[in-house]
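Given below, in the form of structure tokens, are the structures.
In the two complexes below, chain A is the common chain; its partner is chain B in one and chain C in the other.
Take a look at the complex of A and B:
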């Protein structure tokens, strides 16, 4: 039917697509061949009425002694011709209408688009019935009705595609070069829209076939003595008790053709969409524990010889060891992909599917983090702050229930108590109108406010360790300083240990007592924040990271302000060595 | 309920202003945000509703003038006498100019007068009123089946196959559901009759006398859409489970059931309901065809007969009513969506 356009990407032949092509190919062959050989058996009246299956009549005969199988096979031709015609009407009409809408002046276009939207929302069968009512029942009516009913869908696709393609650079270039608009549409837009239109035409063909058959089936389409699948089903329904095969055979033909077209549509769609690839999943290995390197039994968090392996066997974190004493702030710096977030998520016990962690020791106070732990204990021992506050919260729920969930689920607080505690915690994080914020949805709060709310909720249960994974990366510089100040505050006032992950070595050296520099899953250098600030970094990689940090006054000054708490703003002298 | 009151309130406003919503840009300091968005939403949707209704009225009105050749002859048949034709023309006002006829049609509609059926010589409004409950019952039961089957099944499979687990389940589910979703309702209906009314006679093959008679039509109408929705729910579940906020929730170590029901489900409902709204509309279309299979005394069966017998007032009346229902359903879905996820209320439109 539709011509096969050259695929720019490597084409993925899925099993479904092949099967679909096979089924539809078979139908086309049937449509061509069956009427040549079976017309007699299908249309000649014989006295052998309503016979069961036999060698002569594989599927029996109907009320007039005609072979049921032969009739169903011959009907393929008319059914296919009608479906293709209706699809052609829908595609050409839709393309013309969509292109016309796109080329029209702005105001006309907006009104037309709204009308098309409205038309798409209606059951297409209603439009088909209106047309059938105007033209009266018949096969031409059915084709026109289903074809016209399919136009709005294609028009919408065309207009949307044209709008999105015309925003691309090459169209703008062509326009600047003075290519007239209609030529632009044909030369530049159409080729870029061929793929989705082909996909939609295929599914539209399937739909047309089934809808035309449904019109014939209720008596509004093909009229006797002509017959398509729908008409056969209609005639068979009368004698469904005496000769069920008379409805079963055309039903099967309809199922096969609908299925074939759907498989092709799905197959083309997933072949056109490279994201539809299959995902790789590794097996979970039992945690084996290599020998110890340098134990730190008195630390709060002890990570000894930790290795994290991806599903494909790649080691994302390679046998690292470090520890955090209570009340200490430890920074983990490195580029993206250095394994720092993977380390943090391992400690938090939130590894992605298929990723395996093994270690000699992974311990938080008395809690073995490699073993299965009581969720209640875990939830109240480790607080978590993630990178992007905009996606950390569930958009469908109000702030209050999300913020107080740990208290309510694990600490058995009732709603009122939990709310009161959270209001206080929010106020402590300088969030104005905390009661109002609790009743709002996340999208109504600013990023900085959300991140401070996360800190409030993750520290309200007094965890021993707070893990912050790039907590300031998604924030504005001015807001960053504010949020960093809050981490400082929590650490100072409550003695909460902090594992702070960042790619920004400038931020880390201001905030952290200890700094671990990670690269390629290994810890390259360990030094104190003070030493880092004083320029005592020895490893060339650390030096290059430092060199890559723009040492402007602004943000660093603000960060220094965060460090020397009470008077923010006059830390300028501190930030320059 | 409050939203409905607001829609009524706003109904007196001009619908041309619906899209722009003039003078409503002042953002309140706090608190009123929600109510203000709802007012905006009500105005916009009322505008859309009036526009759709107007189009629907124009469309149904145009059915008769658009009939090729002489409408009176098309209605009365080729062997009708000149007197019959003249009477018919008189009765339908076919000799009046088009604008006048439209005005007559419009005034009739405003008085809930849908005209008189040729075939039954009875008020169309009355016929529609007796048939509508049957179709509504069938469609509502089918949509209930769709939601009750599709959401748990889609979500269950989505959770079980998260992150690429149980590939076999994924494969079986998507193929079986895909196949069933591709079956047209009338074929499902026919095969269900052959299987459960003839070969194993458990349910009646037609009518609407008992609850048992509703089983097969409901299934025939619901199975396909249920599978289509289940596939989408599965896909959405997989997407939602990978979101950052789900990781946050896991970080709170809440029990799995709470994780899926409290945190994942509301986010699934938004897209599922949007789709269900669209499917509801096509389900109405499906009901029209399926009623014929089961000889079910609803609007669908009636309109098919009306088209075959060229009973134009009845055709117009039924199309108006079905179109009105489809429009109202769309608005209802939007309101429910707005309650579940308030961000959609602020959005300009979605379709």
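Take a look at the complex of A and C:
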């Protein structure tokens, strides 16, 4: 933790961490202080045997007249020393073995990993029992046995974590910089494995505590006259009915130590992560229902004063109004965080949990989208196309049933009828051998083909509106061109209106009749796709977007980047002309 | 001093980031801030200008029946101070070529000559030195920086891989941060405190701090917003002018490649189908695939959205096969 405090970064104290430190701190103080003052009471034989609680002996005395409380407190020292030693052996041995396995040649690594997994699968207490039985009983034996038994778990964690961290780009880059492998492990691998290892170390401490106590309890650990919690339990067992406190007191000490260690582990793990602890605003704005701005009676989709608010009170979409006419293609263009996807998902009724949308009007052809709607009606009114065609489909199922789901479930078509319609729709999207494609799994189709299949399935129910959220962003450029043409074809031949979300100004200007430029939750400009193509944008923000986009023709002028831009787009100097 | 290092002037260069353009190597060159003309390509192979020569390189991956050819006899030349754009779609072999150049993959056949020397002749020490001369800027600005190390520590590692002491190199680090237009106090902060564009600038600073002779930029703007992308492209343009940077710029975005590159090479399914001066290739491509690629850019001059509506033959199936 020394490195953390050296950084200008505040350490975060959580309640659990404080409580854990308090508990373990108390145990450590007890371990240091108790043997100094209570050794006599704990170890001197007196005639006051088997007494109940009294002012002189708070928890009574044992068979030999020794104070039970004093013995339990004094036993803390040996117990803690043994548990910490065993944990240190397990962590250091495990890290070394795990790192060694990760650095080893591939074949050695594979064999070693299987061996380690077998060792992990074997119950560590039994392993410890065997080791203790071989070495003979005693406190040192118990520590070694429990420590060795803990190594495989850490080794497996280290090796697996190292394998996953080493795939991240910064490890490859460091290697390219010429950082030697041992330094690579120390700088890049271990720090990024710190959380799981810390948590595991503290839970391993708690486990060692229990296992060492168990060994002592069964007589393979600490031997008389030494005593730890386990030994005390062992001694107390014979008189558990007459002197229950003799077992209860060490048990409480065991629980407190274990709990304290676990709490510290969790607290350290969350404090060690520099990304954690960011606070959101946490303020909740009162929901409001703004007044209508301009009713548009001929519109297919009417959105009036739509505001979308995140759970933390931040307005993601700020009172926007727009409408889509029947058969029109409207593009929403903007950068990440502009609220374009949020707008589209609100229209589609797919709001994330905690997000609230308020609007004066949100209506699709007489269907009030603010009210609760029958999913059947929604499914046949709005079609959806998402960004990544690879994650739209369930990879375990064949294409056919997934493509015809809307028809079968919501439109009550029978299987054969739905299949026939889908085959025709796929053929229309220039997918060859549609019957074969229906019987294949998603991974057997290319990305462009999948996206065209999505378009086919979302248009076959003849929706009034098709919402496409960055549908070509994940596609190659030649494939993107094909998919864009399919959208145009569906629109022209079926008259389906389209709400098309994209960050690519080139795409929207080619495809869309109307373009809405969004920034920071607001619509800054609306213009026709043709005007955008001709560069007839009036709002400074739109112009800056155009100026930031590299061109395929003309001179290669300097681009206008975000650094030369105002945040909200108003009051901007037009220096990029 | 091994024969791999540059002419004397560069080998003795101070470690601090140069405020003025670095001293040119012994042979004088014309200023490189203008795009090269097609006629400039007549520099034949073997002239000192040539920094990297990829000669008939093939790369096979996998083993047994799953073995397949990812790159097929690819030849490519990059001269000092030039930026070569490498375009192609997914599966074309762009990343494989990058991995081969930085030594993560070994060519099945063919040769890679860096600064006139074959890389496969190099021993271990020579390879390690070569690695520092070719730096890769990865695509994803989120996984390219270690979240547990400050920006200062990250840059210090680039300056000195063994010591990596941010305090000793504080001045250099501040200088490189300034080069990528970040304040010096950024050195004390962690990656998560920066936006994607800022992270990408940090990754560029790290690559530059090594003072490499060749920078491979692998799709470095594809995860960024368009205005952030414009910042990065402007930055690269400035750096090319100030540091006489040589760069292989890999991208699927043809407009971006056109903006930044002097020359372009087009990869298609492992074959390098066309290469040449950027304006020559973009205005009159010789290979049909290049033509199709250029005509697919929305907003570009050859794009026709109505092709399907007007009943043009579907082109998709011709080139787009099964993904399996």
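Just a few scattered comments:
Operating definition for what follows: the second predicted complex is superposed on the first by the 342 of 577 C-alpha atoms of A that agree within 3 Å, B and C clash if a C-alpha of one lies under 4 Å from a C-alpha of the other, contacts with A are read in each partner's own complex, and residues count from 1 in each chain.
Just so we're on the same page, a contact is a pair of C-beta atoms (placed from the backbone, for glycine too) under 8 Å apart; a residue touches a chain by one contact, two chains touch by 3 or more.
Quantities reported herein were computed from a predicted structural model and do not represent experimental measurements.
Contact with neither chain B nor chain C is seen for A:304 once the two complexes are overlaid on the shared chain. Within the superposed three-chain model, A:178 lies in touch with chain C and out of touch with chain B [touch as defined at top]. In the superposition on chain A, A:136 contacts chain B only, with no contact to chain C. When both complexes are overlaid on chain A, the residue A:235 reaches neither chain B nor chain C.
Judged by the touch definition given at the top, the superposed model places A:509 against chain C, while chain B stays out of reach.
Applying the stated contact rule after C-alpha superposition, one finds that A:195 touches neither chain B nor chain C.
In the overlay built on the shared chain, the residue A:525 is in contact with neither chain B nor chain C. Residue contacts after overlaying the shared chain place A:443 against chain B and chain C alike.
Once the two complexes are overlaid on the shared chain, A:470 sits clear of chain B and of chain C alike. 443-444 are the residues of chain A that lie in the contact sets of both chain B and chain C, per the superposition on chain A. The part of chain A that touches chain B in the complex is made up of residues 114-115, 117-118, 120-126, 129-130, 132-137, 206, 210, 213-214, 217-220, 233, 237, 240-241, 244, 247-248, 251, 254-255, 258-259, 262, 266, 278-281, 348, 350, 352-354, 375-376, 378-379, 384, 386, 388, 391-397, 402, 405-406, 409-410, 433, 436, 441, 443-444. Put simply, chain B touches chain A in their complex at residues 19, 30-31, 33, 48, 51-52, 55, 59-60, 63, 66-68, 74, 162-165, 178-179, 181-184, 186-187, 190-191, 193-194, 198-199, 205, 243-245, 247-255, 258, 262-263, 266-267, 269-270, 278, 281-282, 284-286, 288-289, 292-293, 303-304, 306-308, 310, 312, 315, 319, 322-323, 326, 330, 340-343, 349, 351. Considering their complex, residues 7-9, 168-170, 172-180, 183, 187-188, 191-192, 194, 274-275, 335-336, 430-432, 443-449, 452, 476-482, 484-486, 488-489, 492-493, 503-507, 509-511, 533, 544-545, 547-553, 556, 558-563, 565 of chain A touch chain C. Those residues of chain C whose C-beta lies close enough to touch chain A in the complex are 35, 89-90, 102, 104, 128, 131-132, 134-136, 138, 140, 143-150, 154, 157-158, 161-162, 164, 181, 188, 190, 192, 197, 203, 206, 210, 225-234, 237, 252-256, 258-259, 282, 292-301, 303, 305-309, 314-317, 319-324.
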